Amino acid sequence: MMEPTAYLLLSGILFGIGVAGVVARKNALIILMSVEIMLNAVNVAFIAVGSHLGDPTGSIFAFMVMTVAAAEAAVGLAILIAIYRLKETIDITELSVLKW
Amino acid sequence: MEPILFIIFGAIAVGGAIMVVTRKHPMSSALYLILTLFAVAALFVLRQAHFLAAIQVIVYAGAVMVLFIFVIMLINVPENKLPMERLTGLRLLGVVAAGFLILESAILARRFAMPAGSTADAGSVQAVGRALFTDYLLAFEITSVLLLAAVIGAIALAKRKI
Amino acid sequence: MVTGILDYIWLVPALPLLGVLLNGAIALFCERPLLLAEAAHGDEGHGHGDAHGGHHAPAPYRKLVAFIGPAVVGAAFVVSVLAVLALAARPAHDRFFVQVLFPWIQAGGFSAPAALQLDPLSSVMILVVTGVGFLIHVYSAGYMSHEKAFARYFVYLNLFTFAMLTLVLGSNYLVMFVGWEGVGLCSYLLIGYWYEKKSASDAGKKAFIVNRIGDFGFMLGVFLIFWTFGTVNYTEVFAKVPLLSANGVLTTEIATAITLLLFVGAIGKSAQIPLYVWLPDAMEGPTPVSALIHAATMVTAGVYMVARSSSLFLLSPVSMGVVATVGAATAIFSATIGITQNDIKRVLAYSTVSQLGYMFLACGVGAFTAGIFHLMTHAFFKALLFLGSGSVIHALSGEQDMRKMGSLKKHLPITFTTMFIATLAIAGIPGLSGFFSKDEILWKAFSSEHGHIALWAVAALAAGITAFYMFRLVFLTFFGESRMEPEVEKHVHESPYSMTVPLMLLAVLSVVGGWIGIPEVLKGHNYFEEWLAPVFAQGAAGGHGAAGAHGAAHHPVALELGLMAGSVAVALCGIGLAYYLYRVRTNKPKEIAEAVPGLYDVVLNKYYVDEIYDFLFVRRIVNGSIVLWQAFDAAFIDGIVNGIAAAVRGAGDGVRRLQTGVVGNYAFSLLLGAVLLVGYILTR
Amino acid sequence: MIPLFDLGVAVARVAVFFAFVFGLVVVMTWVERKGAAYMQDRRGPNRARILGITLFGMFHPLADALKFLFKEDFIPDNAHRLFYQLAPMFALAPAILTMAVVPFGPPVTIAGKTISLQIADLNVGILYLFAVSGLAVYGVVLAGWSSNSKYPLLGGLRSSAQMISYEVSLGLSIMGILMVFQAIRLSEIVLGQGELLFGILPKWGVFVQPLGFVLFLTALYAEANRTPFDLPEGESELVAGYHTEYASFKFSMFMMAEYIHMVVGAAVIATLFFGGWQFPYLADKGFAFPGGLSVTVPAAGVLVLRIGSFIGKTLFFCWLYVWVRWTIPRFRYDQVMRLGWKVMLPLSLLNIFVTGLVLLLIDKGGF
């Protein structure tokens, strides 16, 4: 089996792409998807190292991450729907009622 | 065999991810994301994490992404009302910073050094299941509560009238 | 007699406390709603004249209050009598009983239990407090019957009795301090009983603040006692006195410091120079209050405390001298003021101050027994005088100015008779109680090793002045032609039995009260000195070995009798002068006053002491407070607070601009933090 | 390097299986029409003929295929072109992929090598089934959305909601089977069903999990958008649902996907609940009846009997689809959702609970 280094590198790249998506995009839906990419990147790292160590803990962690991702997606999308119903937009730059 | 498949699926994953963050329409992003998720699932299989691969497809492809697409359809923002995206100012800086983050993680990844553990079957349904229902039972139960809370929260948020 | 009654000694303070609780409940839940409802109806034009409230149907609870209030004190008196009898049944050296109720304060090696101590000294005190107190309670039930806040009055009165009993029964200085503060508080409450009248509430505050000055000294004294002896329990402190003074820990200087500090407390509580100013003003309270707390009990707390600490005082000649001098000075000083006062209660107030000076004089010359003896007899006749004056005021619908009285003898026979007896007693006419106690003090002032001929002379002169102004009071009030307002004269009436019966009882006591202390020289037997001997013998033994009480042995009998005759002669002179000025040549006083206008005005205005205090202390403090308020509090402290608030506000104003409310910016900050953090990890 | 033999076997397996499934799909289109006609007391398709031979109308599927192939393949103006074209593939792929884990028969030994009659005996078995069947929804959703038209959108939304709802019950209803047979590989589950229950009854899933079977069957029908749950394409309300805007070959792909779904579904039911390739009382050496009576059958005969048993069961359940379609009326949409969430879901949870309880009692009491 390969050393996990390549997987970790891949994980880093995926994570970076996700981060770039979160920071650079305005579309809330795509930002949520970018978050999913980040979570997946982390899962890749977990699984790679977990199998390297022969330890199921890696899988368990990835499992938990997925659960959180599912919960996050559900709640996030629900919020999005509520916001869209209210403001007719999914542009996060227009959602600035948090300000002052 | 593994390196070849890793390169193939890794490339698919990265390419899909790039497409996700660059597409204008969220539906395209979603489909590319599904692609990425499948590639990641394949990578899981490569690492002998069969259970997680199956779960990845079931949870992500089967549930989360369906939810995404469902919402995209439900909201159905007209093409011309999608946010105008331009890569300027802070956004550009953010992308640069993300590039730095990739660079840093690459350096970190090269430093990875850990002796390989047992070659025991660590990713199979049996192994993960055993660990999940013994050592991590509490975490598992808490996760179920988290999901319940998310379900209730999602309903409360999205429903017009409760 | 069952000695077991001593185990119930706790009932003595507990019974008045029960009265407080019961009357307090009535006052809170029955009386207060009633008064509030009345106040809401705008019932404003209500006279607050002494003892003359409006006329309304008495509420049913008032009878209960009028029963509970005196009854608990009476019960306490019965218990006290039984306990004292039980104590008396013991042999003289064993007349000492301590009951520990519960451990109160325990910290390290320090322990101050809540404990009661019954010995000859405190037994005298509880008998006086509960006995006279009971009579005054009964009197109050009649005197205050027109008052609206009837239950509140009895709550205060019972609370006062409780505090005073705690003071005298406590077995250590801390318990005494609780009672000490308690009586201070109650005097404040009772003087300010008619708190809607500004002068009354001012007098209450004055009494409280002046008392606090004294209490401060008392506290310091107690601290010093603890620092020196490591305990505040009487028995332990006094037991350690010989030991510590032998090994040099308890030097004369420390003893002087302790006793002077304690004496400062006594000065405040017992209204001696220079802290006597509160007592005359305290006459703003109801008259029975004046009788109870400003004549019979509270003001004697200082005397009691000095007597209780006698073994400490005896260690310091300086303190003894100070006590004697202050006592003598107060006696003559306030007596002179008493000459010129026209308010009947003020005359009595200055008289009280003067008599308290006598007691301190006695203590100062080492004649503690005589001091306590005078304390007791004074309690009888001064209470009688106050209650009698209350009866007069009651009869005259609240009139207190003696210039508007006269010829009341025929209207108020009982009041006149009893008051006349009391006047004779205070003037020192032989055979009455005042004679024995005052004469003993005079004799001790002359003969004791701490005494001095000057002290005797001053005290004798004060006795003469006392006789003069007391008879002046009697003559102005009861004799001559009527100078009353016609409207007032119509309503003049003798007081009800609830008031006159206590007067009569007190008159009896004023006559016979002194008979338990007839000096040997008059072929009597001084039971009182014998009774108190164990308490003061202890101190005398620990002191200089020579008891002041036995000083008589060194002087010839003829001298003692001669001095006695002299003091009686002085008193008779005073009486005669009073008769001459106020019965024979009634316009003579005015002429004298006009002849020496400056002196008269000075004395009439109480030597301007209040004004001097006002100028010296009150103004200074007020001005200083104003400076502190404006410069320190308003400018500095508030400046700090406001400045911090302004700084925080300004900082928040600046920082809030970071909160753009745009989620993307937050995400960017997160990313930046992550990059920097990972970078930091990499560089390690 | 994979030996040539193995490669050959693998290719052959896939080819055979595809042939089977697609052949069955073709047959199914004919069976459906013939069955409908039979139930409605009419003759059904009987005109298409080659050289005058009608063969009970069996040439009709062929004619249909030709017609679909040669019709104009158009794309509506406002449709999202990419997604519009991707949608049928998304629909077809999962349906076919499901077949990969269904065992057709026992492993056979040819030339000293053991060959399993199964494309892939995955160690995640049933999870794969879930994973792939969960993807089926994409085709419907994409089709409905990318058509950029009212009815397809409504149909797509309906179907995705319905499929997500029933997927839950579908998954949970199989849990009982997993628990009873203590296995997730389908081959192991089938092997487990070869035993006898109480010495007489074959230990088929339907006997140990009757409630699970009913739930699974219902959920499967809903999942395949078959009557009585064919709301997404309910003609009377939504024209043709999500594939309203589709025509020609793309439409035929949707049709094919549906029929493949039916076939694979039937195969899965047979595998999970009816013993798969197990023939009642047939052991490796021959029949062994409960009474002690045993009949020896040659190995080849056993194999044929077993494969035949599997095919027979699959065909029966294929027929059941048709049977149900013309027997039970369509549900109203809210009834479908209520049934899914308020009846199926609690029942499947109850099923799991009771199964666990019984297993625990057996474990403890040993009966």
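Letters A, B, C and D mark the chains as written, and numbering starts fresh at 1 in each.
In this text, a contact is a pair of C-beta atoms (placed from the backbone, for glycine too) under 8 Å apart; a residue touches a chain by one contact, two chains touch by 3 or more.
Being a predicted model, the structure only gives us computed values, none of them experimental.
Common neighbours of subunit A and subunit D under the contact rule above are B. Closest chain to the protein centre (all Cα atoms averaged), using per-chain Cα means: A. With B-C and B-D as the two chain pairs, more C-beta contacts join B-D.
As a whole-number value, the distance joining the C-alpha centres of subunit C and subunit D reads 107 Å. Centroids built from CA atoms put subunit C at 88 Å from subunit B. Taking each chain's centre as the mean of its C-alpha atoms, subunit B lies 30 Å from subunit D.
Averaged C-alpha coordinates give centres for subunit A and subunit B that are 6 Å from one another. In subunit C, 664, 667-668, 671, 674 are the positions where the chain touches two or more neighbouring chains simultaneously. Shown for subunit D are the residues that touch two or more other chains, of which there are none.
Touching of two or more other chains is recorded for residues 19, 23, 26, 93 of subunit A. In terms of inter-chain touching, the protein chains here follow a pattern that is not a line, ring, star or complete graph.
Chain contact summary for the complex, subunit C toward subunit B: residues 664-665, 667-668, 671-672, 674-675, 678-679, 681-682.
Interface residues of subunit B, counted against subunit C in their complex, comprise 90-91, 93-94, 97-98, 100-101, 104-105, 107-108.
Those residues of subunit C that touch subunit A in the complex are listed here as 656, 659-664, 667-668, 671, 674.
By the touch rule above, subunit A contacts subunit B in their complex via residues 1-21, 23-27, 29-30, 32-34, 36-37, 40, 43-44, 47-60, 62-64, 66-75, 77-82, 84-85, 89-91, 93. Interface of subunit B with subunit D (complex): residues 25, 27-28, 31, 34, 50-51, 53-55, 57-58, 61-63, 66, 69-70, 72-74, 76, 124-125.
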